[in-house]
Amino acid sequence: MPETPYSGRFAAGEHLFAIRVYFEDTDAGGVVYHASYLRFMERARSDMMRLAGVDQRGAMERGDGNYVVYAMALRFRAPARLDDALVVRSRVGNMKGAQCVVHQRVMRGSETVIEAEVSVALIGPDGRPKRQPRAWIETFERLKTED
Amino acid sequence: MPETPYSGRFAAGEHLFAIRVYFEDTDAGGVVYHASYLRFMERARSDMMRLAGVDQRGAMERGDGNYVVYAMALRFRAPARLDDALVVRSRVGNMKGAQCVVHQRVMRGSETVIEAEVSVALIGPDGRPKRQPRAWIETFERLKTED
Amino acid sequence: MPETPYSGRFAAGEHLFAIRVYFEDTDAGGVVYHASYLRFMERARSDMMRLAGVDQRGAMERGDGNYVVYAMALRFRAPARLDDALVVRSRVGNMKGAQCVVHQRVMRGSETVIEAEVSVALIGPDGRPKRQPRAWIETFERLKTED
Amino acid sequence: MPETPYSGRFAAGEHLFAIRVYFEDTDAGGVVYHASYLRFMERARSDMMRLAGVDQRGAMERGDGNYVVYAMALRFRAPARLDDALVVRSRVGNMKGAQCVVHQRVMRGSETVIEAEVSVALIGPDGRPKRQPRAWIETFERLKTED
């Protein structure tokens, strides 16, 4: 059996994505470096889209554009440390035109490590906002209401 | 003459810190990866403190605590690209108790690439907030009003 | 059921660890940034040790030291790209005194992306090499011969 | 006066490039994370080429190809720490066809932190090796013999 990458799963309208903290993620303060959480959350968003059937690399290669982050509000609640087992919980909020809001929390057990509101936009190869395909919007609407 | 690291400079109450974009900072979208800007801004804050006479490593080693980011609001205005010459402009806002707000903008010439409001707190070795030394607060107050 | 982080598995004396390529790992050349492979290989070595029962964080906190890389020979055979599914194959070679050699290959299907010989040493809190515990050496010897 | 990024300088046939160690470069072991040195050395090689008049981004955009690392031999001699002032010393070795060897050392004062032999190749947009322009080779030959 080939070994395939982990992509998390959907449960109760959220995407759950477990992450282990490695040396690469930490800093000399003994905790996770603050920018590492943005990498964790990007992995989770990418795999949430993958599981939902959105092919980011294909879309980029076909000239259908790619999502970029245009705003973030972050609240760091508790430090995470080497070897911690974290879970990124991602919930797609409002999708409209080119824009989409994703609510993300990084948890360690029942404790919130970081809360984020991430605003992304679909951008065409010309660098301009591009309306999100109706099929993508419908997929995410459906996932929100499923178990 | 030994080669010494660049630390930027203060001008009109702001700290200016020039940064070149290298391959390490970019992603397959052809632009700077969004989390790289947090690294740029951390470098600028660290050197702003260094120039102001705050010894972060010494404070950490003496058990006097270290600054951690507890909130960020980010607005990505324009993409930066490989080889771009950027300038991080940092201005210390309100300092009170353990908390300090730093306003940061990354510029490419006169164009704003990203705007950030970064909230940091001084944390002791026990993980609890710690009042910022009066000498540090006075230093930053003075720097704000100088040319 | 809680979501727990993926740690790979042992098979035929090797540790197998699947990795997805995300935007964070790539650069403006459209491929995986060369230093990202070192992060992939560190994750694989860390989880290989975790599965073998070696508690890196506990050892560091108890003052029993931690492994550091002191030499690497790397050969980049083929570029990997966004969304690729890779597998890191790690095989522990000679363990002697404080030193251990790990042979690692990153594969995409049957194609080798990078080959590495990684030399690590156990270092005590005083920064000096430290003899590896007999129990760790016996564990790795056993894993090499198991299916 | 606009603030411009630091690019190091040539002296006695070597490129010298000073680097400050920031939190982003360190890990929970309290030292610089091993893969961070690859980022430091890439910055130095990029600025060495920039100072020598090689326009990497322009070459990539015109379809003239870009340099990729295909082999590295690394020897980590001593750990560097937060706030350390390092200097990357880079010397171009043999250039032949598509290939070029760069000898790099990261120093802290007179102490060697890491030694590296980095083998790069110029790769065209088709992913195949491409003969380096004669003008580039002549430039580097001249820089090696200058003061």
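Order of writing sets the chain letters: A, B, C and D. Residues in each chain are counted from 1.
We take it that a residue touches a chain if its C-beta (ideal position, glycine included) is under 8 Å from a C-beta of that chain, and two chains touch if they have at least 3 such contacts.
Bear in mind that the values here come from a model prediction, so they are computed numbers and not experimental data.
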| item | value |
| --- | --- |
| Selected pair, greater C-beta contact count between B-D and A-D | B-D |
| Chain of greatest Cα-centre distance to chain D | A |
| Between chain A and chain D, centroid-to-centroid distance (C-alpha), Å | 34 |
| Interchain centroid distance [CA atoms averaged], chain B/chain D, Å | 26 |
| Shared-contact residues (touching 2 or more other chains) in chain D | 23-24, 28-29, 31, 35, 39, 42, 60, 81-82 |
| Contact set on chain D toward chain A in their complex | 23-24, 26-31, 33, 35, 81-82 |
| Residue numbers on chain C that touch chain A, as the complex places them | 2-9, 16-20, 22-24, 39, 42-43, 46-47, 50, 55-57, 60, 81-83, 85-87 |
| Chain A-facing residues of chain B, complex | 28-29, 31, 34-36, 38-39, 42, 60, 66, 68-76, 79, 127 |
